[in-house]
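In what comes next, chain A is part of two complexes: it sits with chain B in the first one and with chain C in the second one.
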Partner chain A sequence: MAVDRRTVGVFGAAFVLRLLLICLFPSLPDLLTGRVEVSTPVNSFKRLQEGLYLYTRNVSPYDGGVFHQAPLLLPLFSLLPGVQSNPIPTAILYFLVDLVNARALVTISESGQSVQSQLHSAVRKHIRWDGVSVAAWFLFNPFTIATCLARSTSVFTTTGILFAVSNAVTGNSVNAMLALGFASYLSLYPALLFVPLVLLCFDQRLQSANKPPNGIIYGLQHAGILLASIAGLLGLSVLITGNFWEFMSATYGFHLLVPDLTPNVGLWWYFFIEMFDSFREFFLGVFWLHLASYVGGLTMRLRRQPLFVVASLLGVFAIFKPYPSISDASLYFATLPLYRHLFPLMRYTFFAISAILYSSLLGPAFYHLWIYAGSGNANFFYAITLVWSLGLSILLADSIFAAIRDEWEQDHPDAQGTEVKQV
Partner chain B sequence: MTALFLCSLLLALAVTPWSSTAFASPDYHEQLFLQPLPQSSLLASFNFRSNTSQQSFDNQHFRYFPRALGQILQHAHTKELHLRFTTGRWDAESWGSRPWRGSKEGGTGVELWAWIDAPGDEEAFAKWITLTQSLSGLFCASLNFVDSTRTTRPVVSFEPAGNHQGADGLHLLHGTLPGEVVCTENLTPFLKLLPCKGKAGISTLFDGHKLFDAAWQSMSVDVQPICTAEGECTVQIEQTVDMVLDIERSKRPRANPIPRPLPNDQLACDTSKPYNSEDTCYPLERITDNAWSLSEVFGRNLDGVCPLTGSDGTSEQSVCLRVPHEKQVFITQEASEIKKDDGFTRCFSLSPSQAFDISVPEQTVTTPVPIEEPILNAERTIVGHGQERGGMRIIFGNPSNTTAVDFILFESLPWFLRPYIHTLQATITGQDGIRREIPTKDLVSSTYYRPAIDRERGTQLELALSVPAASTVTLTYDFEKAILRYTEYPPDANRGFNVAPAVIRILNTPDSAPFYIRSTSLLLPLPTPDFSMPYNVIILTSTVIALAFGTVFNILVRRVVSVDEATALVAQTVKGRLLGKLIALRDRIRPKQTKVE
Partner chain C sequence: MTVKPGDPVSPLTPASDASKSHTTRTRVPPPETPEAVQTRFRVIAAFWAVIIFLGFPIWWQTTSIYRAHLPIQEMVDWADGKTCRPVYPLEIHVAAPLLQSPESQHLLRTTQHTLDDLNEFAAHHLRLKLTNDTSDSAARVVEDSTSTLRNTAGETPDVVLTVRVLPEEGLATPRSELLAHTTQLDVFYPPSQIPSPSTSNPPLSVFIAQELQRLYGEEKATIAHILSGESAGLDSTSPQLTESISRRLRRSMKYAETYHLSFSLFTPGSVPSSWDIEAAVQEYLSPLLDAFEPISNFTIDTQVQLYATFSPMTPAPIYDETEAAWTLKKEDLSAFINAAEWPLNPSIGNGPTLNFILYVPDPSQSPMVVKENRASSWIVPQWGGVFLLNPPLEKDQSNPAHLSQDSLQSAFMTFSHQLLTLLGTPSTPASLPLRLQTLIRVRAATLLLSASSTMGSLARLTESLPSIPIPANVASSVSTTLSHLSATCSHLRDGRFNAALASARVAENEAERSFFEKTMVGQVYFPDEHKVAVYLPLLGPIGVPLIVGLMKEVKRLLAEWKAKRAAA
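Right, the complex of A and B next:
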């Protein structure tokens, strides 16, 4: 693979920036690890350390309320030297994971799937960022850097998702399913990406193959591969932990039932703190159903652009999953530049960006007022999470509108640039 | 073993009235031990003990053993029971070593541990719940709140004090209620368990007003089987009440309890100070002890002797006082005084029918009573600020210059305090006074850790530690404070939550008898939500979700058309046609209006 000078420059600069940050501010990683915006109960590095400590001392880390991450992370991290004595190797691992994620983004961008796919061809193809710019946008996003320095384990989920997409756009449907299996194994919710991802693979297959395969059989085959990969990973996990139900309920049960209401940037925690006990289960069901409902709607309406469905679903997850953090937002922001050609069609970018900036600046301040200064109460931080979710959902809705408008313009070449309305 | 244990307990208090006759079957003993402590305090240790043979216990023939408690124990299959009610703090720095070597006291609040005979863990827990519910009723305490989150199963911190045969099926369960306020409603049922029920003997001194006004007090109930080498078993119940009264405070008359400053002419001032004058005084340290008498301090008289006490001579000396022999002590006429050989202890033979009183006049201290130095000083505090996370710091000081102290630290933490054991760190300050960090494995020889599960069980941590001679060890670990559902907070949510005291069991005591220290309980502030607005939160969150859902699906389900097409399309719908008619109507009316104008 030819590597040009710009790629090396961006990747090297991203690496050096992170290294500089941890060398100049050695306490920064621990500070970020403790931030609720970055670390949630399901991706906190401190909780991973605690799980690792118990694991290396032959205490089941799942027989407790602290560790809720996938079992395979334990042997992986037990290979690394202790973080308290030697933090650099772990940090370097996270830097490299970030670079690998950026590399996958370059692949996705360079495939051109976002502008030109089997069923769709964007009108404004010429307005486009190249792969290196997309990667740079991802690597120098402060949210990505914060996630990387905080050593949040959601970067591995990000890797799984980005690899699944990059393999899907290059036609390696089996690898895509394996990567998606890995991501789903780590944090459960990526499994919802299965339908658009299979459609993406299917469209790729149609493009390359002479004889189009049967859609249903193709889908079932890939569902089988996904399930097999998850089952394989779960099998490995059983070998590690020895108790299947214990780790299942401590990891996936924890994702599903949301027992830990530690504050985060999402909408679930405060809602379920304040929810009346008798309605808790009902609203848990409603919230999950709501999250899953976007898959069907987006996939059907945007059938021609499955990659855009994947990107939008990542945005939905960043807003509505039970334990969201800014790493989910950073993944969504990383996929947005692939759709640079939609930016001229978006209507509320200023409002959305203002809301996001407003909440990301005021969020830490309000959290401080509540938890440390005591001069504010929980509503301060809660209000900011509402604004954050609102900003993200406006951005999401606006980009979906732009994509639909783009499709409409493709169908009506004569009406380009005219005012449109939805009826 | 048990005889040795009891003997050593009594030796610690320099009282040896009964050691050979302790296990004669059914009998009852009571003893009051008084010792003035520095800072005008008075330690009063009451001890009541009775034995019943195992056979009559099993047949429910209760004589001295309280029937109410006996039947609860039989119903809950409890073989050994220890119940403690404690308030206040033992000031080890000025008062020295604890009475009964700490084995008769509990942590602040209520502490209960029992050995329950059951085939499995679950059955044992079911029996335990039965036991706590029944004891809750018996002692008017909130013991029914000892649920699975407050119950632990200590592994090395406690050992049965009684002799158990076939101890395979015994399960030790331990529960604490650090927030329980011990008060008179617990004293009344406690007194009812005594054979004389507070009507005669030393138990007549108990007055709830004085007892719970003490700087420190601990009530205990211990039930344990005692077996001889021949296999004869008795069930022993021992009840103790220990308290440290502030003499001056206790002497205040009940009708007029407000303390008032001394008149100027009664003040002892340091006249050598340059600023000493009519209105300025540097108080001199007292050189005399406070005068006190039993009736003044306890507010009641000691009414005779409980007639059920054994008649073997020694048990008649049921009141002992530990002051130097040269000190003057006045007693009621009918009673007689016996001075012990140790130079400090004197015991009194009471007249069975007469009220008894001791009066110690104010006099100059010549030879102070030696106070035993504690083997280990322990202190536990929460460090850090903010409601998000914090740290626990436990400081152990070994005052001995020669021997190291080995002990077990037992902590049971509530589930909403999430400790990170990987952050456990130790620093040591040796004789040189230099503080340095050392790996924890140099101090901690073994660890038993059972992490908490949210809303199911609390954390249980047992560490076997060793503190070298003349050094101070500080253990720290981080923890995170969980945020609870709003219904899980108590009404006074911002007061904080009580964390049970740590129990320290010292292993290498000189005579291998148990020695316990308990730290003070802690107050843990948790982050709180806004309790006033569950509806608002539900509505606002739902609005944001509805807004996102509505916008996205509105965009997804509607058709995109150009503006011109839109007007044409709108005109064809029913709504559009109606609107068109309305406009036409308006146009027809409007021209008329303009004409009128």
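Right, the complex of A and C next:
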């Protein structure tokens, strides 16, 4: 089968490329692990090692105040041989996780949900890439490769999210909720994807079932499944750590209150360094609400394309979450090729891509100038993270514009190809 | 960003297809479907729901200021001195073992009368009381003069002085003798001058009254000086006394709960490299520090610094043939300490540091003295003291390698004296226990005033800045301060000065803690106008599209409603 051969080729090539990179440059993983663009306090592999060390010595992993990740990662990684002596097995695990993520993307792409769903049918649905190409865009994205080599634990969240989506588009709503529960358990913010995901599942259900279920009951049922899955994972975590409140405050409390202001590619750290202490809590609330407020608006506006809402929210998270890294951007970039048919409608792709390239090249340079050379200051790096966020925002806004335009053209077939004017 | 999720789909104006139709007619954009209008309404409602149901509660919750209740009026009253006028009734026991009871009663009455006539500062007055168990009380006083200082508890007033009136043969006029280590004044009188109950103003009474007045003259002037502020003291105080009091207050350290004493041995050569400092401190200083216990605590550290050179700015000592000594000029003493190179910490731990420097000059420059008066020590106001030690040289013309306890005696006697001066102990009377008692009363007055004025400042601060938070611990500190202030005041009124000082110390501590509360200090420098700068840069850009969207939507709804009414 020709298609299978292509799939094997892409997946095999991605695997071999990663293997070659760590064999040819053995110091590369450790270098990437230390980069602030890749490793944040909530996904750093170094911090995971610290937690693992404490865990294997029967000390609470959160004692040192360094480790802030979900406790269930610990038993998983304690099964692997030590990274210092034998880094290959850990690396292989991460490669496989990447391939699994790519596989989920292939499923999403092949379901055709991005172009043709219950309530929406794209006008240009002939312009699209097949699943293997979408997977290739993900697997050969330098951001994905860097995240994978840096062994950031964000990839597990990515797995959770992609599996939730891929199960939703194939109609396994229960599995989708379980996967989303896993992702939310790991990183908290994916819980915001609940609404569009349930709508996605609901639309699937409408397509397949003769008798449409009650929307509210359906939503409540799935919320129950999601909560149950999170509760189950939390219960397992308590078995591991023993102290419920300690791990809750060290993980989710850390996500919510953002006490560690290590520089990253996001917008929070600089703002909260500068913020007056008495307003800190207020602006934490503002930032989190800002992040959350997009869920309602986007879901309402793009009710007909819940999968696109999920993709756009992933973009919003990559820009506005408290500890973003390039792995979040890579997840967003992974979903964009699903919308190949929107590319002709986008107007600022050149500008957005330039800004992203510019900042991803200059970011490390300015960080070096600030931290190591001492000839720059924090504003250098912060300016670059602003440009990075600007690039992502333009891309995001442009894609949303394209999606809305697409919807509009569907409603007004006579006006296709006309120019738009903002009023 | 030109498109927001909440924006309506941009209506299209068709580009003029000039090449095809050669016309420039404008097509009207197709009307919005009711469905699109409803979607827009929902989107705007979704954003505003988040703002109203989550945003405003968070805003309210996180920016509301907790202001604990403070008794403002009471605090201001304390600062204005309305609540408490400190008074100093000093209880003095008079023992006249060899006088008959009526005679001694009379003596007491007339002496008190004379004292009251002499006294012009009502807040500070001496109350005489007759006691008969003279031998007993005198013995007690002699035995542990320091322990009476520590007697802080108890309901009876502290006995500040015992006057023993004794006859002595062969005296023309009465004479008095103050025992240096006790709180006892012996008055000797010629037996012929036994006051008879008939005389209204016996010379003995006048003598005793004048003696007492002299003993407490300086204290009275000091307290008057403190209570009345810098401006005026008592009219009768001589200018010299005023000058000496203000000089002493200038020289002495600000009051602190704990002082750190740092003893340093500096020498320009390699010897002496050791000293019997521990024994010397134990022997010469500990008794004094113990006596200071009700007033302040002390911590001590010591160091030996070899090869300690003068700074290049210091004028070198000059050899004086007539004196046969190396001399330092008086005006150069301020440059004696090489502050840049000598490791003298400005402050260790909590309290201020008092530095005592023992300088052993090089054998080639020994002996070293101050030129003008051949003194070997001087005091550095509010900082410490210096002593030049010229030990006898060894046979090979070098300094001894070790300074024994005995050789340190003169230095430590001087240091003790300097310490007393630096802590603000008055110079008269001659008895140390009396001087320490005076210091206790003076300190109680200063602490009372400073804690009261801190309360006043705190009250004014919280009044003038309505946006400043007042944490609960500040309120509790304030109430502790106020209760201890009134305890101080009543202790003073009852003449229990040790207890008064103990309360005043607590009050001062709590007052300082409440005034310098960390969360408040930050807010002091944060005026309300700055809030605009805090809120606007982020919330402004976010808020404008939201508000404009809301206004448009409200306008549309109003128009619809009007149209409906018009139709109906």
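Everything that follows uses one rule, which is that the second predicted complex is superposed on the first by the 417 of 423 C-alpha atoms of A that agree within 3 Å, B and C clash if a C-alpha of one lies under 4 Å from a C-alpha of the other, contacts with A are read in each partner's own complex, and residues count from 1 in each chain.
In this section, a residue touches a chain if its C-beta (ideal position, glycine included) is under 8 Å from a C-beta of that chain, and two chains touch if they have at least 3 such contacts.
Here the structure is a predicted model, which means the values were calculated and not measured.
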Next item on the list: Overlay done on chain A, so just call it for chain B and chain C: clash or fit.
Entry: clash
Margin query: As a test of reading the superposition: which chain, chain B or chain C, is in touch with more residues of chain A?
Written below: B
Item checked: First, second, both or neither for A:I371, with chain B first and chain C second -> first
Next item on the list: Applying the touch criterion given at the start, work out whether A:L54 contacts chain B, chain C, both or neither, answering first, second, both or neither.
Entry: first
Check: Taking the superposition as given, does A:T418 touch the first partner, chain B, the second, chain C, both, or neither?
Finding: both
Note to self: Contacts for A:G224 in the overlay, against chain B (first) and chain C (second): which applies, first, second, both or neither?
What the structure shows: neither
Next item on the list: Would you check which partner chain A:G34 touches, where first means chain B only, second means chain C only, and both and neither mean what they say?
Entry: first
Note to self: Touch test for A:S278: chain B only (first), chain C only (second), both, or neither?
What the structure shows: second
Notebook entry, point to check: A:G296 contacts which: chain B (first), chain C (second), both, neither?
Noted result: second
Note to self: With both complexes superposed on chain A, which partner does A:S389 reach: first (chain B), second (chain C), both or neither?
What the structure shows: first
Check: Touching chain B and also chain C: which chain A residues?
Finding: 271, 275-277, 290, 293-294, 297-298, 301, 393-394, 397, 400-401, 404-405, 407-408, 412, 415, 418-423
Notebook entry, point to check: Which chain A residues qualify as touching chain B in the complex?
Noted result: 34, 36, 46, 49-50, 52-54, 57, 59, 63-66, 259-263, 267, 269-277, 290, 293-294, 297-298, 301, 319-320, 370-372, 374, 377-379, 382, 386, 389-390, 393-394, 396-397, 400-401, 404-405, 407-408, 412, 415, 418-423
Note to self: If we count contacts the way the header does, which residues on chain C are in touch with chain A in the complex?
What the structure shows: 1-6, 9-15, 30, 33, 39, 42-43, 46-47, 49-51, 54-55, 58-59, 61-63, 469, 519, 522-523, 526, 534, 538-539, 542
Next item on the list: Note which residues of chain B are touching chain A in the complex, please.
Entry: 385-389, 415, 418, 420-422, 447, 449-455, 480, 482-487, 527-530, 533-534, 537-538, 540-541, 544-545, 547-549, 551-563, 566, 569-570
Notebook entry, point to check: Taking the complex as given, what residues does chain A use to touch chain C?
Noted result: 271, 275-279, 281-286, 289-290, 292-294, 296-303, 393-394, 397-398, 400-401, 404-405, 407-408, 411-412, 415, 418-423
